[in-house]
């Protein structure tokens, strides 16, 4: 900036510059544009929009790579908040080779499979204080997950489902792996859903069962599913092995020509998916993560994928992108854009 | 949860329950779906997706209400990161009645209007440390805005533009309002852009000038535009009045049958847009905000729109929605969805 | 605000008002003030400072209540980032009755117990790009946890420790609970630390062993500790039961006169600590949580303690406070303030 | 990690390693420790605690450097939430050479100077819904700032104060700079406070007036102070110049031997403090910022100080630290620690 340029009265052509090779465009939008078109337009922009564009690009490349084994992690309240179909459809279409998730997601997935419903609620009620709101929900036996309600009776129905359809089979087998448990759950969900003509889509565990995709759930005891398993184990031979699943998961990583991961949320599912590469000579070739957490928390949930390189979880040359934001918005956006690309 | 239900071996129809009236569906996605369809699917879900759906609904209602005067605030690095066309098109289509923004957005908007370009860059370079990266940019006279680069020569060209096209006109008028300044800037941007056949879209200030939409910029001195104005004022009669604009802005609010606001980011533009209602008997009927900040910061940028009610900035019955996330992603998403609704 | 008050030239005593009963003071600070004094001064202020003050108050009350059983959850990278002594001292002083944590914290705690060291590092190196930085760390066999480094050789030494001191004892016992595993680990850590005269403080697991405090680690397989356990189990009788620990943890909750929890971070440790109350008729009387996550993520890590009320995890009348921020700053601050109160 | 080390039954001395030079210690805390001792202990740790330790170190060095001109920016709701004394004491003790702040902070500072009080409130009331809470506050004429209440009558008293003590003086002078306005406000605050024997500390503007420290407020129109100024200007000669202050501020930067800045919050105060260096050949030698925003927002409020290097706002060799967190907690902590160091 100079003080003496007031004689520069004519418009000047800017000099060429080494940074001129990749100018930003402008994101245009129009009524009726497709999601894929929107994501292309994000590619014109900076900050988070550019990351969404690149994430869709890497994810589509990963799905289109026939030699790539795709691991998906799913943390957070995704099944109870409406993200269940997206995941089950990805599984049915062959876009997931192994799923790592939480007991909570499997619990809420099963509740819907057997006819339960989650309901639109509110973080705060229109006619009660926050504390009164949650107290009244408690009195009426309705559990709240942020802005979603679930009547507690569905946990009792879920308990019946497990005790009639799942545990009796498994207790014959003595101590079983957690993946064996989630597989039987998926089979039971599919069976009840079909028998009772409940819904077209029996959900995540059912889709995984029918598509022969394993579901790993290392922290299963940390959920209502786990509490039920523990209660049943008190009076039966049923037991769960905490370590067994690491063998087939590691084998899958070992045998992959190339490996990619879609990490939805952080927590145990993210770390478990990444740590698999610590015990194989290989590492991920592609990685896309959606997380709410900035790296500055220092926790694993927000840790960058570069950090994962120092541990050997990602290949040095791996394509990787982090999208920071709400997975209930970003997962549908990325999947719709990737599907438009690979199906189109 | 009970311990004695192991005889409940049959599937049971769930009881009807008062919370059963509004069940969540499942967000479905498919290749080729439109943005409006995606936002409809968000309406099936919870957490942030539900907020995006509601924000699009309120925004479309606000735009479709012919008696509603629409105020738009635009903070953050939106013009330099690719969000310029979306805003100029909203202005040209009559969807903005007054814009409140920052000097930075007007600076970067003008730089593009006269032929400058921002460039895709990176927060961190591939071959340098973070500090070396920014030092090298400094040596090469390139400014960085997160992952966007701007060669500094464009500030010199911008200075010439102001000194040849804008300031000479204004100094005839003595002390002028800031809106008078932004109007003349828009006129000059439009003129140069057309004369030099630079681009189809001369940008935000040009669109506002041509559409007779005022642009308010209360913190103009806090920008390169302001620094240029100050330097010019040192050797001329040119001066800016810090208070004058509040009269026409307040009049606009006063005369509105109904008033709505789209708040993009926080900062001065958000507060200035809201505080206008402190000096009128009226208040906003509709409000949609996109912000990165949670309310727990205690700052105005993340403050809820309920808090604005205590000050009388929003009507008690006003429809309002907060979407928490990156405006480079959410603004295009909301505008595309609203346009699909109102144009469709 | 009125326009006609320019005759109001005299200073006026403000009217009394129903909101006048609890005026804010001003937070004063001075060189040499104690942490307890600082936290008292926070009590004069609003926003987050007020929450820190209240959290220290509830935590001190919980610790001073002799009939209160205190559960502590510890997620995140706390052991590798210097928070190990604070936790071990709380255990030794009787301020923790049960600890719920991650396999990662137990891994890094043991590494220090047997003579390993974590090192001050950097998120980004001074002389390398972020990717080169992590690649070089990979080449030099150093793992990075945000701004902390750990040479990988310590994992090999940790492996030797487990294989010489821990697994041989446990494999005699067949399938064991995870708490049995962490107890033997604590015993071994204490033994090696003393035998080799490594440090005054043998750490968290050792303190827990010596103080007869159980450590629960439901997601143990999601850690290097879990990977080691799995590898050993491949060639031995050693096995871990995923469900067994829920019995003594539930019993502890059941038997508590009053119950309180200090939740450091979210994740599995937070939820596991809270869900214990789902299978007892009781609920927490006190709860303090430190989390980086705002409630708006919709995930459990950031969920409010009010939400926990709807599930029956907290008593309706429970005192509870959420502090939003970095646990490496807030945990020491809260513990120092509470200790000043109860020891003073 | 190896699979064949089960013969490694003896404890081994770890190899020396190039990363062994700077081991982490453990943060210890004890009842009665000083804030300076706590911050020293943070220096043993990683993640955010390490940043707090370094920030206190840089800030103390900046204050102890007699040749360093210290600029302080103050955004956010700091005056109404109890941070007023800390700032006025820093000014009185010569630790601030220029203050850049918001009209809101000056408004709330003046309200307390003339006898008004802010009050401890709540984000949500105990006996009302969030919307009802804010509606009732509206009905009772109480404004809410997150968890702080302010009866609106104080705005009327503030108006009287301005109209009796401040505007009549200034309108004699015609168009004045904003700094001239804040100086007269400080003088009036001090005078009324002393005349009415209101409080020992007449606050920020009074301290600045008495200490001859300029207060810059580039976005003054965006506040109740600005609304009052505008209303008075409607019927008088009083007017504010939007640009004039840049001359003395730039001169101060120009004349500084060394320059340092303490940036509290982002917004206009942060940018205005930094941009001053765009029009001087110099740049900051020290910079400490406290911000809630991660860099990934792309906005200026969360922008790293490295980014500021690319613009020439910081010297290449400048010591700089970013602390991410709540300023109501971190500002008192840093100031107490720095005072213990430099006064001790």
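As written, the chains take the letters A, B, C and D, and residue 1 is the first residue of each chain.
Operating definition for what follows: a contact is a pair of C-beta atoms (placed from the backbone, for glycine too) under 8 Å apart; a residue touches a chain by one contact, two chains touch by 3 or more.
Just so you know, these numbers come straight off a predicted model, no measurement behind them.
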Please identify each chain that touches chain B as well as chain C. A, D
From chain C, the most remote chain by mean C-alpha position: B
C-D compared against A-D, more contacting pairs: C-D
Can you check how far apart chain B and chain D are, centre to centre, with Cα atoms defining each centre and the answer in Å? 26
Between chain C and chain D, what distance separates the C-alpha centroids? Give it in angstrom. 30
From the mean C-alpha coordinate of chain A to that of chain D, what's the distance rounded to whole Å? 40
Each of the following residues of chain A touches two or more other chains, namely 1, 46-48, 77, 81, 130-131, 133, 142, 145-147, 224, 227, 231, 278-279, 295, 297-298, 324, 326, 328
Can you name the residues of chain C that touch chain B in the complex? 1, 46-48, 124-133, 278-279, 294-298, 324
Residue positions on chain D within touch of chain C in the complex are 1-3, 5-6, 8-15, 17-36, 38, 41-42, 44-50, 52, 77, 80-86, 89, 114-121, 140, 142, 145-149, 151, 153-157, 159-161, 163-164, 192, 195-196, 201, 224, 227-228, 231-232, 324-326, 328-329, 332-333, 335-336, 339-344
Can you list the chain C residues touching chain A in their complex? 75-77, 81, 104, 123, 130-131, 133-135, 137-138, 142-147, 175, 178, 218-224, 226-227, 229-231, 233-234, 239-243, 245-247, 265, 267-268, 271-272, 275, 278-279, 292-293, 295, 297-301, 303-304, 306-307, 309-312, 316, 326, 328
